[in-house]
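These are the structures, in structure tokens.
Both complexes below contain chain A, partnered by chain B and then by chain C.
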Partner chain A sequence: MEVLGNLAQGFELISTWQSLTVALIGLVAGIVIGALPGLTATMAVAVLAPFTFFMESVIGIPFLLGIYKGAIYGGSIPAITINTPGTAAAAATALDGSVLARQGRGRLALETSLVASVIADLIATFVLIFVAAPLAAVAIKFGSPDFTMLYLFALTMIAGVSGNSFTKGAFSVGLGMLMACVGLDPVSGYQRLTFGSVNLLGGISLVPLLIGMFALSEILIQAEKYGRRILTETAGDDQGRGLDLKTLKGLLPTIIRSSGIGTFLGALPGLGAEISCWISYGIASKRSKKPEIFGMGSVEGVAAAEAGNNAVCPAALIPMMVFGIPGDTITAVLLGAFMAQGLLPGPLLFQQHGPILYGFFAILLVTNLMLLVFGLGAIRYLQHITRIPPGLLYPGVTVLCFAGAFAVNNSTFDWFIMVAGGVAGYLMRKTGVPIPPLVIAMLLAPGLENNIRQSLTLSDGNYAIFVESPIAAVILVLTLTVTAFFSWRSFFPTRNPQPQ
Partner chain B sequence: MSTNWTKKLFSAAVTAALTFAASAAMADFPDKPITFVTPYPPGGSHSLHAGVITTVAEPYFGQPMISVIRKGGGGAVGAAGVLKAPADGYTLLFGDPTINSLRPQVEKLPYGTGDFKAVARINYSPAVFVARADAPFKNLKSMIEYAKANPGKLVHSNDNKNGFTYTVFEMLKFKSGTDMKGIIYGGGGPAIAKILGGETMAYAGAPSVVAEHIKSGKLVGICTTDFEPWPSLPDVPTCKSLGTDIIFHFWRGVVVPKDTPDSVVSKLSAGFEKLVEDKGFLRLIGKINSRVDFLGYKEFDALLKKEQADLKALYESLK
Partner chain C sequence: MNSLWNDRIISIVALCISAAIFFTLPHDIPGTTLATFTDMESAAFFPMLAATVIGVSALLLALGSLKERSLQTEELVDVLGKRPALLVVGFSLFIPLIHWLGMITASMTMIAFLPLVFGYQNYRWIIPLAVLLPIAVYVLFEKVLKVLFPHGVVF
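This part shows the complex of A and B:
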């Protein structure tokens, strides 16, 4: 029970109005940043981190942790209200969330997303506090072949769950992987598909493409409806019921399972919230009693996706704190902020700076509570976003899209990528090819490619390396099972045709 | 009459103002904010240093310095982007040996080593060769013996192709006449994760990356690619002292497009020279486990030319 003592000490350390105020400011700012398409948590934390260098650690770090957490949650708000995920990690949330909002059940979707996020975050934070070291010791044993199989599994899940047709999903995944090949070859350094353009040397920028595909294409769809005056679906039932205890109780197993998945995947260095939300969503759809309504307004789907991506946030701190290895770009920036405070993440961190670390853990718990209270209050107003006249809402979102696409890399070339993404996204929506697989495949393909090539370099080109590791072999069997399942369902559909 | 007078006075005032503004522009560089471009993603040592530099810069240049992260292509996108900006000293590149000396010579990139002009070196890190505590070698001598006895079996982590940690291993293989197997992980984080996880046996990384793991006993320090042992790792000898002459400094420095006027370059260099003595700067640079090894534009230029020639010679000998 030494941990509890430490935690009590930690709470004492951060129980100053300064620490709590900055954490709250960070949280609110983070939610806004996450909710605006194009402003990313990474960017916000990277821009603001240098300012914390000059603050005391009990003020600077809580501020950054608040932003981190707020931004991960914030992405789900526009995903639900206007079918435009603010971050890639919220793409799975949009599948069901936006449908619920259109059915006039926006409040239910928003509250489910909030509560699932808070519970998942809480579970993952407790894992961070109590078993960070043992979990990190397991996670670090994951070798390149194991990661290869994990990526493959995630891609299969995404292709299978995000549309009506596995074939169209797989097509979208393939297209995304092809687009990810643009840029410098990670191993040999040769240029691939850059057509001699410096702008493509770094590959197709993900965030502008994501903004175009999700946000701009939605705007085009809405503009088309508006033009034809068929925009009749303003939520009639704006007094929509929220999340009641009975529904929550039914959702708990999904939330807990997804939290577990998110926590474990988050602890693996290099895998982010984007993978976890899809694996959680995919597993939830298979375990659900009502798999047929996934993608057509399933509350369970929203809960699974949101629990899956929010659990990653505290869990990604595990490899960072235990080994000094950042799990994603945000934790890499946080690592820098820790170092600037004289807290060197790594094996000696807990021994040397125990009290203050527990102070940060306490902040994670406190901000979670703040998120719940603040979120429930805000949702009363947020649910009305769907009632803003489209003539005002969508031009506003368009401006944000352009601003966001430019801000990521300070590059005007990214506007072309965004617009091209918007047009492509519009065509995909029209033809029923799901967009999320493309974007997520583009995000994951470099990791998959690197791990395949690392494995094959290790084995001198012998493919047996992918089944020799027990972890990889198990994941491979899972992937094959899932592929068989999806293919079966694709050829022998049992679903009712989608009502449109 | 009075209108005429007013006109004359007005035109005189305008002329004076314009003349003053023109001369001020020449004398008072900089008269607008300076952009400081980091060509790597946030979170690495470059962006960390850039954050520290740009936050304390304003008093030393009289203008704010804006940190811009322009990642992609392992630094090539940012470097090429800076060359597209006017050569007026308002756009600076935070460079290093990989993007400024090595890769333009061995890869097909849209710029060459001669496209940049040296402004100031802020500091450098050596590489520290490390091995897993349970590896079949504990020092440089037994590491080379193991590699000789088992060609291609000594597996080591690398960051990026032609990167800093990649190059020092190439130097080691060349100088010892051995064959080892390097796996490219795309960054210091995964590279260190895979040696800790047991997929590889050895690695060479910056002191800030490996020091804590050496202190905790998970990794063993083999040798350092500097003239003297690194202060935070006094027990790790230099490779040179062990008979394998590998010196490699991963410097962090400021460069500008080559057509930037010399007067501007010397002004910038002087600004950075004062900046690196700032108390807040020194405190933070110490906290991020770094230090200052300042070189002004003349000395830095000489170093850069020598380094580019040395690396060219190394790569030609490897062919």
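This part shows the complex of A and C:
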């Protein structure tokens, strides 16, 4: 009951025209960006995050949450209409959605995708609301050795599940940890890896780096693809009938099951919407009464994939808010935005900024309603967005990247960080080194280092402190187990190809 | 896209990064030696830990690529394509151009030429975008958000 009371306060806090308007603008911007092939949800949040630094947290964060939610949904529009997923999370949606569109049932696919997204998001948001605060109450009892082990576990998981190689994931984690060391040591004040540059004394500026790694690198990748772009088969203008109540009733068990899968996977560090959509789709095809039509125009397939990827959005906020561990790359960028607003994610966040957090939960519920209303009204027009030529799109995005990167610190040095991040991100993607572990390690490394030092100060340098606490010991065993598993998988890969 | 050659190149780059960290740290933090690695409270410990993670993963990656040698065809992926290389040069030139012409004028120039890299030449759309977007960015950032962009010889 206390949760409901807090939620009511949250609604009161965000019931201003500024918060609601900005959240709606974010949602629409997110849908538009997500619907543009080549512009990802992470890119959308990274490029637009600097705008929020000039707003109050109850206005800025709803804007980003709106973008996040809109972009994940928006990715399904080109997946269905032109068989090109707008975001990686919508890849599974394209399998059946595009076939439905070519069969003249595009409107059914688009509305199924919308309704499944909204229901899944709603379920996951309620899980977030009812789980996050009690979990934070437990997490507040964690000591520095427990947090040390938790961060190590998160980094191991992220290295293991991102990309196809654990060793490349570990390399990326190492790079992220190293980049986090740049600047002044917080305890001794020694300069570390600054190479004498005063611009690096405060460390590597996070948001320009993220803009470079996610937005500029994407532009470079798209520039390369452009020369050998294959024309995709597009659906006709006749999109047939929409989703009726009878069909929706038949889809509900699939949507609820996929929402559960998405919520569970989203709450684990490293497992984002890209993985959840495939697992939800795979399980739905196994449990379906008509598994033979999966891949040949199954509405159930669209519902499963979309419910699976959208449930991840609120769920990924659970580890971010409670432990300060981002669930995926988008929440990593959100974590940066939270920190810029003075909201330091972790167990104390609920004690220090409880009403604001419940305001964010309320905005997640409100934007869900907005998504449903806006989506149903605008769905037939949104598909035209996919026709904007990349030659116009990317130059515009480039200018926004430069403007956004500068706005963070009013520093021209940040442009160099952004361009370097863009080139590094491009090279990493080309060589199969995953970017998410680097970004997440960079965010977690300061916390990891502080907790290691605090633990050793408490124990007078005795390393046994890391196994004396039962929580730390359990997490250490878990970490060693997943390390062994990922190492085994890396050196003795299974021959079954995974969906890309 | 991945090939064994790329894995080997990544391994070599990673080992170089790892070695460079161990080499430069004693210059940054006086008194740092290899023995510092066991002192978790030292300022050098965490960079050393990161360098070790990089070094060990590089060695494992190199071992893995040697193990797979007979199973895959060896092919060096074209790491930096022509268009991306052209874009990187463009981005790098854009920064001094901003200092010279100013953010708004440089952005107009950038938008006018960048579509060519993507093979888009319809100037009926490019010109309005090149004029309107930088003005919109100027109004939003300078007038609304009060972020002062660098101004140059033109604006």
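As a convention for this text, the second predicted complex is superposed on the first by the 273 of 500 C-alpha atoms of A that agree within 3 Å, B and C clash if a C-alpha of one lies under 4 Å from a C-alpha of the other, contacts with A are read in each partner's own complex, and residues count from 1 in each chain.
The rule is short, and it goes like this: a contact is a pair of C-beta atoms (placed from the backbone, for glycine too) under 8 Å apart; a residue touches a chain by one contact, two chains touch by 3 or more.
What you are looking at is a predicted structure, and each value in this text was computed from that prediction instead of being measured.
Participant: Check the residue A:F323 against both partner chains and state whether it touches chain B (first), chain C (second), both, or neither.
Facilitator: first
Participant: Just checking: does A:A170 make contact with chain B only, chain C only, both, or neither of them? Give me first, second, both or neither.
Facilitator: Touch status of A:A170: second partner only.
Participant: Counting only touches as set out at the top, which of chain B and chain C does A:V433 meet: first, second, both, neither?
Facilitator: Once the two structures are laid over each other on A, A:V433 reaches chain C alone.
Participant: One more residue to check, A:T42. First (chain B), second (chain C), both or neither?
Facilitator: Touch partner of A:T42: chain B, not chain C.
Participant: Figure out whether A:N410 sits in contact with chain B (first) or chain C (second), or with both, or with neither.
Facilitator: Both partners, chain B and chain C.
Participant: On the A-aligned overlay, A:L458 touches which partner chain: chain B = first, chain C = second, or both, or neither?
Facilitator: first
Participant: Taking the superposition on A as described, I'd like to know which of chain B and chain C A:F54 touches: first, second, both or neither.
Facilitator: After superposition on chain A, A:F54 lies in contact with both partners, chain B and chain C.
Participant: Touching A:Q9, do we find chain B (first), chain C (second), both, or neither?
Facilitator: Neither chain B nor chain C is touched by A:Q9.
Participant: Contact-wise, after the overlay, does A:L344 reach chain B, chain C, both or neither (first, second, both, neither)?
Facilitator: Only chain B; A:L344 stays clear of chain C.
Participant: Using the superposition on A, tell me which residues of chain A are in contact with chain B and, in the other complex, with chain C.
Facilitator: Chain A residues touching both partners: 51, 54, 187-188, 190-191, 410, 453, 457.
Participant: Touching residues of chain A toward chain B in the complex: what are they?
Facilitator: Answer in residue numbers: 42-43, 45-46, 49-51, 53-54, 140-144, 183-184, 186-191, 198-199, 201-203, 205, 269-270, 319, 323-326, 329, 331-333, 335-336, 339-342, 344-348, 409-411, 450, 453-454, 457-458.
Participant: Please name which positions on chain A make contact with chain C in the complex.
Facilitator: Going through chain A, the ones touching chain C are 51, 54, 164-165, 167-168, 170-171, 173-175, 177-178, 181, 185, 187-188, 190-195, 216, 219-224, 226-227, 389-392, 394-396, 398-400, 402-403, 406-407, 410, 412, 415-416, 419, 422-423, 426-427, 430-433, 445, 448-449, 452-453, 456-457, 461, 463, 490-491.
Participant: Where on chain C is chain A touching in the complex?
Facilitator: Contacts found on chain C: 1-2, 6, 9-10, 14, 17-18, 21, 24-25, 28-29, 40-41, 43-47, 49-54, 56-58, 60-61, 64, 67, 77, 79-81, 83-84, 86-88, 91-92, 94-95, 98-99, 103, 107, 110-111, 114-115, 117-122, 125-126, 129-130, 133-134, 137, 141, 145-150.
Participant: Along chain B, where are the residues that touch chain A in the complex?
Facilitator: Going by the criterion above, the answer is residues 41-44, 47-48, 51-52, 54-55, 67-74, 76-77, 80-81, 103, 107-108, 110, 155, 160-162, 181, 183-186, 189-190, 192-194, 196-199, 208-209, 212-213, 215-216, 218, 280, 284, 287-289.
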